[in-house]
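Both complexes shown next keep subunit A, but they swap its partner, so subunit B is in the first and subunit C is in the second.
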Partner chain A sequence: MSEAKTRINKDFTNAPMCLSGRGVTRVFTAGRTRTVAVDHVDFDFHVGEFVSIVGESGSGKTTLSKMLLGLLEATEGEIQFMGKPRDISTGAKKREYWKGIQAIFQDPFSSYNVFHKIDSVLLDCINMRGGKNLPKDKKIEMMTEACSFVNLKFAELTNKYPFELSGGQMQRLMIARIFLLKPKILLADEPTSMVDACSRATILDMLLDLRDETGMTIIFITHDIGLAYYISDTVYIMEHGKFVEFGKADEVIINPQAAYTKRLISDVPKIHEEWDLSTVDLKAAE
Partner chain B sequence: MKNTLKNVFHSPRFVVGFTIFMVILLTVLIYPYFVTRDPLLGLGKGFLEPGTYVSVYDTNTAGTYRVELPEANMNRMESSVPMEDRVTIIEFLTAKGVDVSHLTTANGDVPELVSLWQENYDEADVKKSKYPGFTTQAKRKALARMDARLSGDSATAKMTVTVGDGDDAATTTVNDTDYVKVNEVANSITLPLGTDNFGRDTLTELVKATGISLLIGLIAGTVATLLGLIVGLLAGYVGGILDDILMFIANLFTVIPGFVLLILIYYSVGQAARGVTTCALVIGFTSWVWTARSVRSQVISLRNRDHVNLSKLSGHSLPRIVVTDILPYIASYVVMAFILQVSSGILAEAQLSLLGLGPKTTDVPTLGLMMNWAKLFGAYTSSNAWWAYFPVILVIALISFSLNLMNTGLDQVFNPTLRD
Partner chain C sequence: MGKIMLEVRDLKTKYITRFHEDVYSVDGVSFTIEEGKSLGVAGESGCGKSTLALSVLGYYFPPLHYRSGEIIIDGKNISGMDPDTVRRTILGTEIAYIPQAAMNALNPTMKIIRFIEDVIHVHDPKAEKAAIREQAEARFAELGLPREVLDKHAVELSGGMKQRTVIAISTILSPKVLIADEPSSALDVTSQKMVIKMMRELMEKGYIKSMMFITHELPLLYNVTDDIMVMYAGQIVEKGSAKEMVFDPTHPYSHGLMGSILVPEEGTRGTTLTAIPGTPPNLKKPPQGCRFAERCKYAKPECRYTGIPERFFGENGTRMYRCLMGVDELKEVYSHE
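Showing the complex of A and B:
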């Protein structure tokens, strides 16, 4: 990944808002136990911004992302989409909303329906964009283009089942899907955690290409603060369902304020220094 | 799909179960083409032992052949000197002091026993001598009766048979060397499993009953599985208030013992309305609960999978997600549940019929009804007609065994943790 691509270093504070939330909360109740997964979080994501939400496992990142996607209802709080309160009360409205926001999930192996061929995943995207009645040649052309964007050959993939691909290929195919859909917002929930380091760089590179090409907002969810620093414009640090710190990536990481952020930063292994493990909270890990 | 089927047919348990089941099914399907008789036709009165029955009347008109079997006399002896008589002869001779230590009750010794009897027995002598064990009058009379029987048999006899009546009557003499060819006799019937209390051919009845019971199992299993599947899918996938309502109903059915419910529904329907289909439907409608519960829990674990989320994000409708993203993942489980439901449907019918709550008794036989008849007419007890109930039990056991074996085999294929 080239330095030019990694960050635009642009100030997004005055850019138009695409997704924002106030007091968004999600509580899970099972019998008498009550778990607050996301606790009154406020956020403002701008058009074209690359936002990272960083936090350790169990901090509520995925719950938040599901709420942003509209797969999970918020217990409390309000989410605004493109400046208007988000309305996903009916199936048709949800479908309309999902034309604007799409996701890449953490585990490529469980993201596909193993009973369907790869073509059907891509065809669904074309149909969703209103291309249902396009001639077959045109559809194949579109799918080929999308595949070549992620360095896959459609001719080799057609008529194959998802489980015949490698993890990296599957995750790239997910990006091809986004390329076809061209949503306004892409929510990437740890898309690189299940693939090897080499594929990781390729996938991140492709996400950035996608942002540059279509100007979409990318909400990148990760536990790796180092990764977040390299690619994001804005970073939100999440601990126990709350945002403890947020701001421009440079400011947050070079000059962290919250103790939790400092710990996250010191936990990143560095190549030229001895790894500082003194901050590791063993009790918390238990 | 092809690969799954290949795996399934490589499981020895499944193959054994499948083979047994197919043999039963094919018998049920093919047998009626060979025996076209009405399975409920009464052939006689009461229980007849298994065997070939030849018309005595028709043997007289069939052509006779001369056959001289060397062991013919001995065979006659065997069939006419019963075991009790042989024992009595030995007891009598021993009491009288005749040495019979080299003789037994075996067939080969019967001619010698009979000739010794005729040499030594004298009615007046028995009365006078008071041999130990034969002092009472009853015993002596029994000996006299036996003597009469034995002296009738010992002579090689000719029989005179009168054919026709009145002026047309003609007599023919039957020699002990005259034979008829069984397939030249106009009427003979082989009853491999005898007849039941109504004189029906048990084998034909059993084949028909197996077919009907399988049909009941199939209908009951299909109804139970479909109902359970729909309730389970809706409760599991939609969740919320619908889940609460459906599970409340399911809990009601769980709390009330299914069999009691079955009996109550069945009783209220009334004998006249209880056909085979009603019977199957009632069984199906009371046994969907556990399928619904387990489908629901599987769906709950599936509905939060990423592929379902992706399908939602792709704008698929709820029915489409349920059918294409949930159902295929639980299909193997549903097939297994279906097999067990068929098996338990057959057993439920047998239980109900045994209690006298089976389908209308005049139309068709079922396995349960056959058991019920055997019980009512004392096949277990007074008549000791094992052929009227044992083959039925065997068929029920075999069907249930084969279906359960198929289920275990499938379980092994679809659940890798169970593979050896």
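Showing the complex of A and C:
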């Protein structure tokens, strides 16, 4: 238990900056309607920090994550990567940027190309890291290591297709990919919402191991504040495209200031305190 | 002791795959639910929770097949009944079901009121449309759903609203038993709370007499249901009241499951989650002995080949578990962790 404590309560205020943003905004327009999905947000993610972004459906979490990944352009604002303004204006620069940032998505079933075998999924990662000319034995050794990191056996997976695995196994294989790629930043968008509680514990544990082993920054996007509390160093709470509160996980969740944070916490079923259902007004909704 | 609403005795069902192999997905499950009570079913993916729901419902369409056992709803035995007869006479009035992806169950071309007419017309073909509307409006008002929803199409509603609408539709005939299979797992926490509140109101106002709630989210079960049973590889491995199950689990599997609970409360941070290693057994050939033996930290050699009976303990023998080890013996090993 003491080991786990030291592993999460680190101080990151003086750590070097990894990804930061000032006034990042995204507006979607359709005809005359303007939807501000992300509204002038500022953030500083440090090297090796485990950051969670928490919010309800529609709060702008996924739009923000797409901008961070460079899949969506920001309408306004600036994003800095490793202390320099991020430049992803050309295809080649984008590919270079993606060597530094990788993602795990919510649905493991749609994250794989169904025509590619597991071997080629992992080989691609090795090739991307410049290991194209390595001898075959070395490649297999690397793949075996990556699989054993996530408690999978490479010997059992080789020559299989991704759809032959269970959801939890697929998601773990996704982490094995990240282990091979060793990006500077991992963006995990609800990676545990489609697996059951038992595999969830395994996956969270692996993410923490991954951070400890490679020192990467992990940005974890979730709607479950309990999860965020368990796993992260820093928590950003997002409502209607804005960060309403952010800070160390302990401070934000044990002593929330914003009304929205308080509501999110009260909405999660708990086991030591009573879950107050009287605050829900069915008629007032929508 | 209240009146028994649902009684299931040694229910066994199987799937037949297209290669003519049998998969024993529900294998000797027994439980009862009394009037006004709710029962939670927990367990990991693939342990047979959803199959149990379909089996209790009498939904025996291939590949699911009935093998043996009895299902008694309020004194009426429905086991072995033809699924089409079940649909016409039992579904809706005696038992109702909310599937996992209930929100996708609504036909996008139909207005909500049409679904309600459908449900009522199956049981009473002569029911007047005006009367149905009146009944639906009254029920929607009771449950805090806006009346306008009745004239909307499914696509116009948000996820949480759709889910609540589906629940209102399936319980319109006030069934005796409601089976909810992960009704809130696709929703965010706020909508989830509203769905739960609505289900509780259904119970309190007597629109449903009892409930079986299936989910893998243990903190949710703890807050919603009176009793919890834990399922593993087609069998019930432990049963008890919600409080006993969360704070004092007996079976090694339940013990492992309860160790994976995550809640935003002081003290959860920094604790180590216990993940259970390994994968569940193949149900085409269920293990001879304890089904959990392969993954159990405390398994002894005899666990692998001895059949494990259900054992009862606690006050009035209300708690059940399935393990060779005694209660005190298990407590002893847990205390050393």
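Observations
Definition applied: the second predicted complex is superposed on the first by the 269 of 286 C-alpha atoms of A that agree within 3 Å, B and C clash if a C-alpha of one lies under 4 Å from a C-alpha of the other, contacts with A are read in each partner's own complex, and residues count from 1 in each chain.
Methods note: a residue touches a chain if its C-beta (ideal position, glycine included) is under 8 Å from a C-beta of that chain, and two chains touch if they have at least 3 such contacts.
As the structure is a computational prediction, the values presented were derived from the model and not from experiment.
When the two complexes are overlaid on subunit A, subunit B and subunit C sit side by side with no clash. In the superposed model, A:Leu71 makes contact with subunit B only, not with subunit C. Between subunit B and subunit C, the partner in contact with more residues of subunit A is C. Once the two complexes are overlaid on the shared chain, A:Gly91 sits against subunit B while remaining clear of subunit C.
In the superposed pair of complexes, A:Ala30 makes contact with neither subunit B nor subunit C.
Of the two partner chains, subunit B is the only one that A:Asp124 touches; subunit C does not reach it.
With both structures placed on the common chain, the touch criterion links A:Ser111 to subunit B but leaves subunit C unconnected.
Minimum C-alpha separation, subunit B to subunit C, in the superposed model: 13 Å. Within the complex formed with subunit A, the subunit C residues making contact are 44-46, 143-146, 158-161, 164, 188-194, 196-198, 200-201, 216-220, 222-224, 246, 256-257, 259-266, 268-277, 279.
Those residues of subunit A whose C-beta lies close enough to touch subunit C in the complex are 1, 4-5, 8-9, 56-57, 151, 166-168, 195-202, 204-205, 223-230, 249-250, 253-254, 263-265, 267-273, 275, 277, 280-283, 285-286.
Interface residues of subunit A facing subunit B in the complex, by the touch rule stated above, are 66, 69, 71, 91, 94-95, 98-99, 102-103, 105-107, 110-116, 121, 124-125, 127-128.
Across the complex, subunit A is touched by residues 305-307, 309-318, 324-325, 328-329 of subunit B.
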